[in-house]
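The structure's right below; bear with me while I get my questions together.
Chain lettering (A, B, C and D) follows the sequence in which the chains are written, and residue indices restart at 1 in each chain.
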Amino acid sequence: MFTQLKERVLAANLLLPYYQLVTFTWGNVSEIDRDNGVIAIKPSGVPYDKLTTEDIVIIDLDGKKIEGKLNPSSDTQTHIELYKTFEQIGGVIHTHSRNATIWAQAGLDIPALGTTHADYFYGDIPCTRLLTPTEITNNYELNTGKVIIEEFNKRNIDFMAIPSVLVSGHGPFGWGKNADDAVHNAVVLEEIAAMALATRNLNIGIKIQQELLDKHYYRKHGKNAYYGQT
Amino acid sequence: MFTQLKERVLAANLLLPYYQLVTFTWGNVSEIDRDNGVIAIKPSGVPYDKLTTEDIVIIDLDGKKIEGKLNPSSDTQTHIELYKTFEQIGGVIHTHSRNATIWAQAGLDIPALGTTHADYFYGDIPCTRLLTPTEITNNYELNTGKVIIEEFNKRNIDFMAIPSVLVSGHGPFGWGKNADDAVHNAVVLEEIAAMALATRNLNIGIKIQQELLDKHYYRKHGKNAYYGQT
Amino acid sequence: MFTQLKERVLAANLLLPYYQLVTFTWGNVSEIDRDNGVIAIKPSGVPYDKLTTEDIVIIDLDGKKIEGKLNPSSDTQTHIELYKTFEQIGGVIHTHSRNATIWAQAGLDIPALGTTHADYFYGDIPCTRLLTPTEITNNYELNTGKVIIEEFNKRNIDFMAIPSVLVSGHGPFGWGKNADDAVHNAVVLEEIAAMALATRNLNIGIKIQQELLDKHYYRKHGKNAYYGQT
Amino acid sequence: MFTQLKERVLAANLLLPYYQLVTFTWGNVSEIDRDNGVIAIKPSGVPYDKLTTEDIVIIDLDGKKIEGKLNPSSDTQTHIELYKTFEQIGGVIHTHSRNATIWAQAGLDIPALGTTHADYFYGDIPCTRLLTPTEITNNYELNTGKVIIEEFNKRNIDFMAIPSVLVSGHGPFGWGKNADDAVHNAVVLEEIAAMALATRNLNIGIKIQQELLDKHYYRKHGKNAYYGQT
């Protein structure tokens, strides 16, 4: 069962080494089937070049395993929390991609500095607050999801317009319409994170003009978009 | 019709991933046939590995589509404006290549710091002023072309001697004798942008000697050039 | 004799160019067979693409050659000293991988800045003191081992919880359960060294929370670990 | 004639793209046959993937062409000057490899910061003074050679112990026992240039201990060397 879902999730996970977003097994992608209330996710600690469709784990929204022999990703509770709250998303991704992780370790938002950023993210990529010692000790992965959602709510950020976040001291999480789209956004995040590091070195404090951010974001998103073929 | 023109433009666009100048579809190359008053350009948002000769769009200098089923690049009006004003150029390129984009985001010229730069660019690579909110809202892509031309005129720069520009907050545009030459210049731009970032970190404010800039530029360009086989 | 040991050591050494940890012959991996009291190690100065199983040198813990025609790595005495003192380790590695070497040249510990680090190393990666002129002149490679051990003892670091070290002015050494595991740790070290360089530029002085370090380290190590499939 | 010499020089030039030392045609390698008083050198401006043995140009020490249809490298006079003065060298190389060029553009020596450097270079890699306007205008390439030699003489540097130099505002030149050895040294130079950039950012002013420099250099060079198999 859920073969097509598992195949899509397998394919999305195989894009992680292809786009050089991971070292060893440091990343995972999932996709939700909202009609059936199930999520397909990478098994924990399995190298990408060994992954098969059967290895992909099917769980429900309580984290109960529905199908598969392997343990799901240790980050599974974070994925579930995001799916529960961000009801329009279809795929979730977590990596330790180098440049995004650097910003997360520094505990800083990735500022919107140019149109490359604006083409995909309508504003700064937020970095969460630190988790409290209690949040770390008990239900750490669940609380990682909660602190992401708290940050979006606190700042009143539209999670569909900024489909990535940095978890302070940890690394990036992201999402999209489906697993493939989540990976796409993670590739963009990594590139703009690299550009932002060096831009800040050249000209600290510079920001993109609001009008240019608007122009590029809405050139590709929403009802007046005119980029691409549709 | 225009098959050879479209094949050259296809080949030039395929060089973008080959030279690692692009992520996803973030770049486009065009070439003009001035005798026939037409431009061949990449279609908007189509991945390079899916591009075929038939996908290349033929437009006239008013932006009217002459041939092709797809929408031309969203940056088409910028290309046209450059072809109209810079009458000696035959190819135009736009990318978000990492290091050149970093300088554009910082809103800074790439200073001429060494002979690698001088072999191709006779002076600093200019960064344009910011577009005004009105220029962004109305005819953005056309105004991007106009602000490039304004910068070259204001500074009295010979566009054939400095075949690249940074659009502030956005990224590089460039040109050349034809589409292939425009790509060649974009590869050089990306390399000197990377070198300049680190050179500035080591020794801020250093510049190339004017005599060395002259020597290297004119060793490869103009009637006394003696580099190469011709 | 020792064919399987030599094959494992050959395979581990071939991972050095695969993971881009080496230029030319700048790295070596060994593995110990504690039951037989022998170590298999790369021969000195032999390119990886020329290495065969027979080229791997077998020595005893006095450094006496037991099997093989070639000279063992010039760093052999450092390997031996580590095996003698760190009795639980099964493999040792030395490289000049770029980012770890940068920290070693700077004479600085790699601070624990995020969960990528915490997943593998329970705290800062220590940088040794400088060797004295006498320690350099006489028995240099042996003294390199001794100064590593001194640093772990002085700071009371568990060598199994922090399986890497930087030798000041030189570069990284590391270890693991066997040769393959030592290489694995060296790949992680290189990645966190790169991340730490840029994190420090963004936010000098930031450190990972102790509770987050604990959580991630013990999520993957020890009796309560729950990462992976076992 | 000189077929083997030309084949060695072809092979050495093909290593330039292999080791990622060049963009387009930005590098050249030569080798001298001192018995016959001839030098084999890359032709000017020819892409490496088009080079054949017959394309390699044979010149004498006056720069007169002995064999070949193509123009020799525009840097030929620099090569000749180095061969004439540094009588023990057999190969010369020039590239614009990124990190070495960064130091040259900054007009700074590459300081000896670690054993990676010390294994190949017995001290800082010198950066020349700037050429005077007259030296640039008349016999530029010859004067580039002269200013290199002046720097080694002025500082009393043994050119065999430091087989590379940075020409201020330009880039690296280097040499070795033969063409292949010159390329080898250029690869090392590029790696230590990259390491030195980041080491300086972490800990400006740090230097390698003299005793460690001695130890590593003489571990691989001279009559007491014990690295490798001979």
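Criterion: a contact is a pair of C-beta atoms (placed from the backbone, for glycine too) under 8 Å apart; a residue touches a chain by one contact, two chains touch by 3 or more.
Source: prediction; values computed, not measured.
Each chain's centre was taken as the mean of its CA atoms, and the one lying most distant from subunit D is A.
Interface note: subunit B and subunit D, two copies of one sequence, contact each other through mostly non-matching residue numbers (shared numbers fall below half of all numbers used).
Chain centres here are Cα means. That of subunit C falls 33 Å from that of subunit D. Between subunit A and subunit D the centroid-to-centroid distance comes to 47 Å (mean Cα coordinates, whole Å). Touching of two or more other chains is recorded for residues 201 of subunit A.
Taken as a graph of touching chains, this assembly is arranged as a ring, one closed cycle with exactly two partners per chain.
Inter-chain contacts, as defined above, occur between A-B, A-C, B-D, C-D. For subunit C in complex with subunit D, the touching residues are 23-24, 26, 43-46, 70-71, 74, 96, 98-99, 101-108, 130-131, 133, 136-137, 140, 169-171, 197, 200-201. The residues of subunit B lying in touch with subunit D in their complex are 113-116, 119, 184, 187-188, 191, 194-196, 198-199, 201-203, 206, 208-209, 211-212, 214-215, 219, 226-229.
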